[in-house]
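A short worksheet on the structure shown next.
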Amino acid sequence: ASLTVGFSQIGSESGWRAAETTVTKDEAKKRGITVKIADAQQKQENQIKAIRSFVAQGVDGILLAPVVATGWDSVLKEARDAKIPVILLDRDIDPAGKDLYLTAVTSDSVEEGRVAGTWLTKTVGDKPCNVVELQGTVGASVATNRKKGFDAAIAPHANIKLVRSQTGDFTRAKGKEVMESFIKAEGGRAICAVYAHNDDMMVGAIQAMKEAGLKPGKEILTVSIDAVPDIFKAMAAGEANATVELTPDMAGPAFDALKAYKEKGTVPPKWIQTESKLYTAADDPMKVYNSKKNLGY
Amino acid sequence: MSRNLPVLVAALLFAAGYCLCATQFPAFLTTRVVGNLLTDSAFLGIVAVGTTFVIISGGIDLSVGSVVGFTTVFLALAIERWGIPPLAAFAIVLGAAALFGAAMGALIHVFEMPPFIVTLAGMFLARGAGFLLSTESVPINAPLYSAVADLSLSLPGGGRLTLTAGVMLAVFLVGGVLLHATRFGATVYALGGSRHTTALMGVRVGRNTIAIYALSSLLAALAGIVFSLDTASGTPLSAVGVELDAIAAVVIGGTLLTGGQGGILGTFLGVMIGGLIQTAITFDGTLSSWWTKIATGLLLFAFIALQQGSVALAGRSGRAARPRAGQQPVVRPAEARP
Amino acid sequence: MRVLRSGAPQLLAFAAVLLADRLASPQFLAVHLQDGRLFGSLVDVFNRGAPVALLSLGMVLVVATGGIDLSVGAVMAIAGAVAASLADSYPLPVVLAAALGTGLACGLWNGFLVASLRIQPIVATLILMVAGRGIAQLITEGRIVTFASPDLAFLGGGALLGVPMPVVLVLVMLLLTLALVRGSALGLMIEATGGNARASALAGIDTRSVTVAVYAWSGLCAALAGVVAAADILGADANNAGLWLELDAILAVVVAGSSLLGGRFSLWLAVLGAFIIQAMNTGILLSGLPPELNLVVKAAVVLAVLLLQSPRLSGLTLLLRKP
Amino acid sequence: MSDSVLLTVRGLSKSFAGHQALAGVDFTLRRGEIHALLGENGAGKSTFIKTLTGVVRRDAGEVWLDGEPIAPRSAEAAARAGIATVYQEVGLLPNLTVAQNLFLGREPTRFGLVRNREMRRRAVALLADFGLSIDVGAPLGRYPVAVQHLVAIARAVDLSARALILDEPTASLDTHEVTVLFGVMRRLAERGIGIVFVTHFLEQVYAITDRITVLRNGRLVTERETAHFPRIELVHTMLGHDLAETEARVEQADRPARAGSGTPVLQAEGLGKAGYLQPIDLTVGSGEVVGLAGLLGSGRTETARLLFGAERADRGRIRLDGKPVQIGGPRDALRHRFGYCPEERKTEGIVADLTVRENIVLALQARRGPFRPLGRAAQDKIARDFITMLDIRPPDPERPIGLLSGGNQQKALLARWLATEPRLLILDEPTRGIDVGAHAEIIRLIRRLCDEGLALLVISSELEEIVTYSDRVIVMRDRAQVAELAGSAVDLTAILRAIAAEAAPAPVPEPA
């Protein structure tokens, strides 16, 4: 019999998130799985409601892209009591609940930050470098982790200094606005690199730099995370330097694990980690762009 | 009669909507869905009771969502990091929230500042304070929390009446008594009729305004406690935008945003209608993010339009008593500013 | 002179916030010409404040009738989505007409709900606030729709005589609204409707049309703000464009001294209110304080600005008001 | 006993933004006396009261109650000190029930819960004293202003410990209600309570008060015993004109009625609405004044609202100059050059935040439509002309109308409609709250307008006044037309007889 799977998605706050939803639907179709998607509009309480109603509907499995890391114990217990396996997508939850879910298909966002930081340290070498940072939404775990990883990577290098850090709310418009203020506050030429917690903010920041008469990608290095199509366009134009991929295909592995578990009883490993791949101008950005542009970003 | 009409209509609409859903999704007839509806609405319901007081008094409180957020973070840190026993932490946060609300009420009264803006500043402040405490979500592992999480009353048919749902029902009950059967409640309505006149009638406007906003914040903190019990964690980003949900619930329940009219029962129905819309959309499960929003908006519109329509119809046929139909539903004397 | 005097507290607040900005960032007031465009933090204040200023031009009229429009942020997103999707295949006038027309339609819908169905404004517009962002996402399918049209981009990044286009648009809209509202008797009718709707209707004012008109205008202003926001980032971000800006617009209107109960309003003060808010936001960004503090600082500034205007503390402003 | 001083005020002063509303007023209220506080519109009576009770902060002056200095800072504090007040603007809440209004802040409770049944019982008992038997569980806003006013008075009376202040309590009451109120006041006075009574009805002053204090331009003019204060001298003192001029003015207003001449302007045939007003027939000719008489709740206001389209009629029709017209709403009425000055000044008349000028031009502008604005110069001229013509005080067109005294607001509203140069003007209680001088002025104005061919329909609870200026009088009862009197048949007794026919005992008018 075909499986029915409930997917509690966070919302649609970015292009990446939209791509994840699209890919999930495609992957489900490929495997003949019926997927019910509940959009939580960024609210944990909505996700909890969604999971409860999935349980009430008696689905075969639940995918959860948790908006925050904590607070899932009681609702996941309800799912466990109803014998419905839960798979986490894209973000992990607090360790206390390890036995409450089947597996987690996620990237490691601290690792993403670290990859970005490492790229920067390698690229600048020993030269002094003032970095400005565009953070994600204050309080979002991804933002905290990407900062953590990046900070850890640059910490041993005294020549790299984080001079300004402000939130750009993961959006283009705020990314641009914040970058404008960085340029004015620090003086454009004094900035050596920009690190953005996602590509959207970086696209905005690149515009701000251009409007201020600076040359992003050349005078100012850029590194960001997500690998959405538009950043590859910028890379191809020489306006961006590096991005770390966060794949939108989390559901594929999740469906496979669920199928194997349901049909053969195979218990998957607790963590299925996706790759945090670094892309630079050397990776034929236009080709990547073309491969990604129809994924629903 | 005619005052309770909007509530009656809301109740009928809710019943009709529920039946409609049941024909579509048979699971709606299980106690499980009923139990979930109550549990899921719990913390919004508690907030909405406070909002009802504020709105009937002619004010508005935009800070409640942030207060919920602050409460959850505070509790998590207090219990996990600072080693304060949970019950003591509850008491502290309730007290602090009441003071916070009282301060907003005092600003509104003493400086004659519009509630919308004072509480907007309160919203920024409480949310910001939450961020300052912690930008990360913090799990709570206190034994009380795990004990409470399992407390529930089993309903026949697999459903559960959880403690949180119980708390909400109790808050509605107490709120109803407070609003409809005490002097304080009468004063709330009076303030909504006209602050100026209420003052001329010799009622202490300032004291009551402060009490109303303190109550609203207090209930928001209680909702925060319930939220934290439910999720056993605290995050500064929790309950964003809840103030609007609460206001919508209150207004759908027939309370006038201009103040002076409405009631607790209506708010309960408003909360339930909101929950019903969401449950129905989740059960359907085929909607994309955007269609979810559009459908929510459309259903909201359908409920309100039907309600408005039937109230108007009933009002027209039943106008033996003689309200002078004016431009606006309430008679609000334009008051001379003192 | 009379006009300036009535805005004394707002001007004072603006000056105070600018001063604070100057303290936070020494080069704040430095302005120079770069690529035929004024460049500097002060310019940013006006440039970034433009969308909220446009919103507040519509919002102030809605508030004057005793209403409120929560949907402006969502309308921005819709109009931006429409503009961005059409930008590369149609000439600018068509794109603008489509985007502004959409906004106007949204406004008419709100006006219909409020004036004809008698739904309370906050809920009536809440419907479009929720559904509208969905509609915008439906148009863009949740992604950021980018465009290359230089014409549309000019509205966001271009400049006229060195003044950034968004600021020019604000000025144009301010003058247009002033002409429309103060040049006719509409302003009086709006204030009368907001002050006492029953009395106004009995005096023969078509309060229903007045109500519909202000929401329509608000929709139009929001649409223009949406176009500017899209032109600014060369794309329509349906998920985030205008998010929570309705609160900023309402804040601007209140800072401008309008009562949310309706009645008296001032268009130029509403615009000034928007710039006060932006000056505060820009100041926070320039200050280099950690972002966790943003909201706390904002709360403090908002309270300070409002206290400055409180009738109970108006001794200072009374002094200024005296001729 | 009745000579012992209860309340003493010395040098009470108050100015509003440079305008001296009260200048060092002295006042003495004795136990058990009813003390009239008189003066023209804007003389400062209401301000005096509000300053006394602390609603408005006083600039200077002292107040003693029973020899104790008091300085209440709010109405609440004044009430606790023993001064109960009914303010001029109906001081109650339309959204609460009658009973809740009566007992707000002092509801009977048990274990903290309000005892609703007990509260209603007491409310019914309390209102019975005022001859009101209404559903005390219904929202107050459902009742006409008169009832609301009576409830406000009942509340204050019930509260009153030592002193009771009534600011124009009788403005909206008819003769019967006034009689009842006076009975209550006398009883209270006998109990030793001092009562301050503000009114513009001189008959009432002579009927009930013991002593008179007159204010003019915020200053104390005189204080005298009523018995030794002849009427004409009183008017003279209030107005400050010389005596001859005063007499001329008052006399002119008393000129006997003259037969209407004009052709019918408005004809209503079987106009009515189910559950609202029985069908009525009514004709008003050009240059004619038709009076609508009746008790409270007799349906006069309803008639006016149907004619003006403020309420949709569901039967009958209206002819204008013999041609049938559709009146779908006030805007249609305005287009046909109807004017309607409603009785509820605060809620249906003024727009408090707007200036006097803006309030005056509002209807005219509405008729012209939004895109033919009156120029500022034209507005100024209209405003100034009417301010002068109706003697609106202060004569500042740029003052928000909400800051004007009640009577002056009424005049500005009249100006609003006169500015539209109407063919038919409906005035609902036009002289309510208007001082003697202005009263005569308005009656003269009504006459002059008629001479110019205007058709007038006037509703008033003052029957003498109706008799004075009406060419015909239509008498209403129980929301139906019961009689029509014309020409020489228009007199007080005839009206009273029509009102009282097969109804409860005839209300006795106060002896003049």
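Chains here go by letter, A, B, C and D, matching the order in which they are written, and residues are numbered from 1 within each.
As a convention for this text, a contact is a pair of C-beta atoms (placed from the backbone, for glycine too) under 8 Å apart; a residue touches a chain by one contact, two chains touch by 3 or more.
Going by UniProt, the chains are B = Galactofuranose ABC transporter, permease protein YjfF; C = ABC transporter permease; D = Sugar ABC transporter ATP-binding protein.
All values reported here derive from a predicted model rather than from experimental measurement.
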Comparison of C-D and A-B by number of C-beta pairs in contact, larger one: A-B
Distance from the mean Cα position of chain D to that of chain C (ABC transporter permease), given in whole angstrom: 44
Computed distance of Cα centres, chain D from chain A, in Å: 71
Centre-of-Cα separation between chain C (ABC transporter permease) and chain A, whole angstrom: 33
Multi-chain contact sites of chain C (ABC transporter permease), meaning residues that touch two or more partners: 137, 141-142, 195-196, 198-201, 292, 294
Multi-partner residues of chain B (each touching 2 or more other chains): 131, 135, 288-290, 292-293, 326, 334
Contacts with 2+ other chains: residues of chain D: 347-348, 350-353
All pairs of touching chains, each written as two labels joined by a dash: A-B, A-C, B-C, B-D, C-D
Touching residues (chain side chain B, partner chain D) in the complex: 3, 177, 181-183, 185-187, 189-190, 192-194, 197-204, 260-261, 319-326, 330-338
Complex contacts: residues of chain D adjacent to chain C (ABC transporter permease): 308, 310, 329-331, 333-334, 340, 342, 347-354, 358, 361-363, 365-374, 416
Interfacial residue positions of chain B with respect to chain C (ABC transporter permease) in the complex: 62, 107, 110-114, 116-118, 120-125, 127-129, 131-132, 135, 244, 247-248, 251-252, 256-258, 288-298, 300-301, 304-305, 308-309, 312, 326-329, 334
Contact footprint of chain C (ABC transporter permease) on chain A as seen in their complex: 12-15, 17-19, 21, 135, 138, 164-167, 169-174, 176-178, 180-181, 184-185, 200, 203-204, 207, 211-213, 230, 296-297
Of all residues in chain A, those that touch chain B in their complex: 6, 9, 11-12, 18, 21, 36-39, 41-46, 48-50, 52-54, 56-58, 67-74, 77, 94, 96, 137-141, 143-144
